[in-house]
Amino acid sequence: MGAFSRIPQLIVYGIISGSIISLGGIGVSLTYSILGFSNFAHGDIMALGAYICLGVFALFTGLGLGNTPIGPLSFGFSFALSFVLALALTALAVIVIDRILFKRLRKAGSIILMMASIGLALGLRNILQFFWGPQPHYYIEKIQVASIIPGLGIRIKPDQVFIIILAVALVVLVHCFLQYTKMGKAMRASADNIALARVTGINTDRVILWTWVIGGALAATAGILAGIENKFITPELGWQMLLSVFAAVILGGLGNPYGAILGGMIIGLSEEVSTAFISTGYKPAVAFAIMIIMLLVKPTGLLGRRK
Amino acid sequence: MEVLHEVSVKLDAGEIVTIIGPNGAGKSTLMKTIFGLLKPTGGKILFDEKNITGLPPDRIVRLGMAYVPQVDNVFPSLTAQENLEMGAFILTRDFSDRMDDIYGLFPLLKERRRQRVGKMSGGERQMVAMGRALMLNPKLILLDEPSAALAPNLAAMIFDRIAAINQTGVAILIVEQNAKESLKLSDRGYVLASGRNRFEDTGKNLLTNKEIGELYLGG
Amino acid sequence: MMEQFIGVINYIVFFAITAGTYGILSLGLNVQWGFAGLFNIGIAGFYALGAYTAALISGPPPSAWDGRMVGGFELPFIVGLLAAAAVCGIVAFLIGIPTLRLRAEYLAIATIGIAEIIRLVLKNESWLTNGVWGLQQIPSPLYNPIRSGVTGFLQVHSDWPAWVHSLLSRSYNWFYLLLVIGILFALYLIMQRLVRSPWGRVIKAIREDEDVAAMSGKNTFSFKIQALVLGAMIMGIGGSLYAHYARFISPSSFKPLYGTFLVWVMLVLGGSGNNKGAILGSFVVWGIWAGTDFLTGYLPFTASQAASLRIIFIGILLEVILLWRPQGLLQRERRFPKYLRPRADDK
């Protein structure tokens, strides 16, 4: 059948999409396990990161900073710098948001926090729309030539290879951080039992700060990579990805960052491969169906829940 | 709702004191109040002549007190060694000496130090919990029912370790249901019931006191 | 001058119909969230589902320009309304099964998901819904009788001033307003009865402490499903009322903002757990929403910027309420009314 011949290429798309979803999911899992609530604004934080990068890049371009493409990639030094700055600025924004909003609601219970995050999601989305408008903004205007990998019959662009490599690198970085650094261990301890962490003398305020920094930076990365992959962004980017990200997190086990990675890859692959058989418009339905099946079969997820 | 009504407890440096009493007497509440997890509606808590009433737990930890809760007292997804490391979180200097001391007290932990605590038995977990509390060299440790949910031989082992900890000069305040074993190694004891002091005496005397024995030690 | 007066009257009627419809949605959410503590963020989905069901049941069959192949049974308004409630109830039931034994976020995600899927189906399955072109000519109940009655009446009294004619020509909407308010009031009375009934007490007990309620032998899962389904059915009724008023619906009429977010702000502001609060909140928030529409008209922003500003404003309003008065304006219904509350010295 014609549909099956497309599968190898779709697997490539799935790996890319899965990498992006995984990066988004790690932040959700960390927030859930340490802060105790599901942050429904996470998608819009991804969009925030993507737009901040766009804005900084426009600024640099206006200042005349060069953007000659690095090697086979479609972007150059000033974009890369914008990328890094966007991560920092998004992390900062998220810390400020925590100070103003979530910190004051910590005692109110997880549902109130979730409700606040919904309000935040809508607010962030519309702030982006206020400044940039609802129309799509092009991220990288150069059209890239894909290399063809013979034998497998798949095409892949240098940018896409970059996305996969960056995602892997970040995942390894996060893993090393969580396993080998003092703060990483404190974060894992707080995810187990934040009350005990406080009793032990762990500075839980600092743990929470790091949780937002890592979550925010990874979210921004996911948003920017989505922009690179899709070529353009709209303010709806975040909300569109939210279902896939949360499906991935639930699939892997809510609260487990490694589960988020595994879940992200599975959801990404499933969504893309499904387009061989059903319309692309229904990709979110695939994520949803997988999630519902997981909830019926093993609600704690593939790798189990933290709490 | 008031749980404690004018309770008064005293502890001298290096002493082991046990608080016994029926369920719901307020023993755990007392311990949590001392450690700053609960705020007293009246009265004072003095530690080393400092008034610590109302201070939060992370300040009290720095003053030299440690607390081991009855349940959920370890980090299950961390290894034994990592649990101990968390105990020393506020230290910026090297504490490998201190860790060796702890392993000296709990040789079994040294063998299992790379094992995830979630997979350990109850007795091993209790050792990890106590070891974690000792990492900062506290002057006083609060133990909330250290032998609860442990088989008698493991409980005996825990009490043996408690005595060993005390030998190093740490004062220990214990809240216990398994009062007999605990009173055996205690200098003094208090009996709490319905949120009030009912009795106070040396450990030995409380053990041999027939009335106490019937009411609170199960005969 | 008279024209402006008539314009104001017409606007008030429109405002009240819309606020009343939102009041019905809020009552539905109040059953789910206010009483049972269920976190449903897919209200827009149920709203759309109700509207489309009513439109497909009561509306005209597919015309030559339609992409549709089924639907349009031209059944009476009440049949459409009941069908809307039934379909929403069934979908709510299916969503509740995998999620209601789990933490609140699972229902939340599932409702986001189902709302999204409903939106996709409405947009893509043209054979059923006519896709993005929507459903037209949805009949309003008793429209023809009333219109011909009014027209006949005006013909008899053709000597009356023009402004009276102008005023009365829109009188069908007054009827619709009465219909909406009537249904709103009826639902309010039913919900008030329900909340004070034994069923209501169990539901509230489950919200307060599910473990305790379970220990007294209640099948908490079953009760939660019932609350979810009942609330969804009420939302379906709201959807059907919207369809018959707007006469034209399309997938874009049901953005998550209008269906979901506004209703949440309405209930939180009015007072979760209080039926009067749900209705009060819907009128107040709709008033604020409409008010911001006027205000931003005066500001030097583009239409899309003005729209965003209004939403940001409502978002801030929600956060402010959550930070400073999360219980809302009117207090939650107590489990026992004051005079029946067990006293400390009772057994």
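Letters are used for the chains, namely A, B and C, taken in the order the chains are written, and counting of residues starts over at 1 for each.
Following the convention adopted for this analysis, a contact is a pair of C-beta atoms (placed from the backbone, for glycine too) under 8 Å apart; a residue touches a chain by one contact, two chains touch by 3 or more.
Since the model is a prediction, treat every value here as computed from it, not as a measurement.
Looking at the partners of subunit A and subunit B together, they share no chain. The chain occupying the central position, as judged from C-alpha centroids, is A. Most remote chain with respect to subunit B, judged by CA-atom centres, is C. With centres taken as mean Cα positions, subunit B sits 44 Å from subunit A.
The centroid of the Cα atoms in subunit A and the matching centroid in subunit C are 33 Å apart. Centroid to centroid, with C-alpha atoms defining each point, subunit B and subunit C lie 56 Å apart.
The set of subunit B residues that touch two or more partner chains is empty. Remark: subunit A residues 182, 185-186, 188-189, 191-193, 195-203, 306 touch subunit B in the complex. Listing the residues of subunit A that touch subunit C in their complex gives 32, 37-38, 40, 101, 104-105, 108, 110-112, 114-116, 118-120, 122-123, 126-127, 129-130, 133-134, 239, 242-243, 246-247, 250, 254, 279, 281-282, 284-285, 287-288, 291-292, 295-296, 299. Partner subunit A is touched in their complex by these residues of subunit C: 37, 39, 41, 97-99, 101-106, 108-110, 112-114, 116-117, 120, 123-124, 256-257, 261, 264-265, 268, 302, 304-305, 307-309, 311-312, 314-316, 318-319, 322-323, 326.
By the touch criterion stated above, subunit B contacts subunit A in their complex at residues 35, 37, 57-58, 61-62, 67, 69, 72-78, 82-83, 85-87, 89-90, 132, 136.
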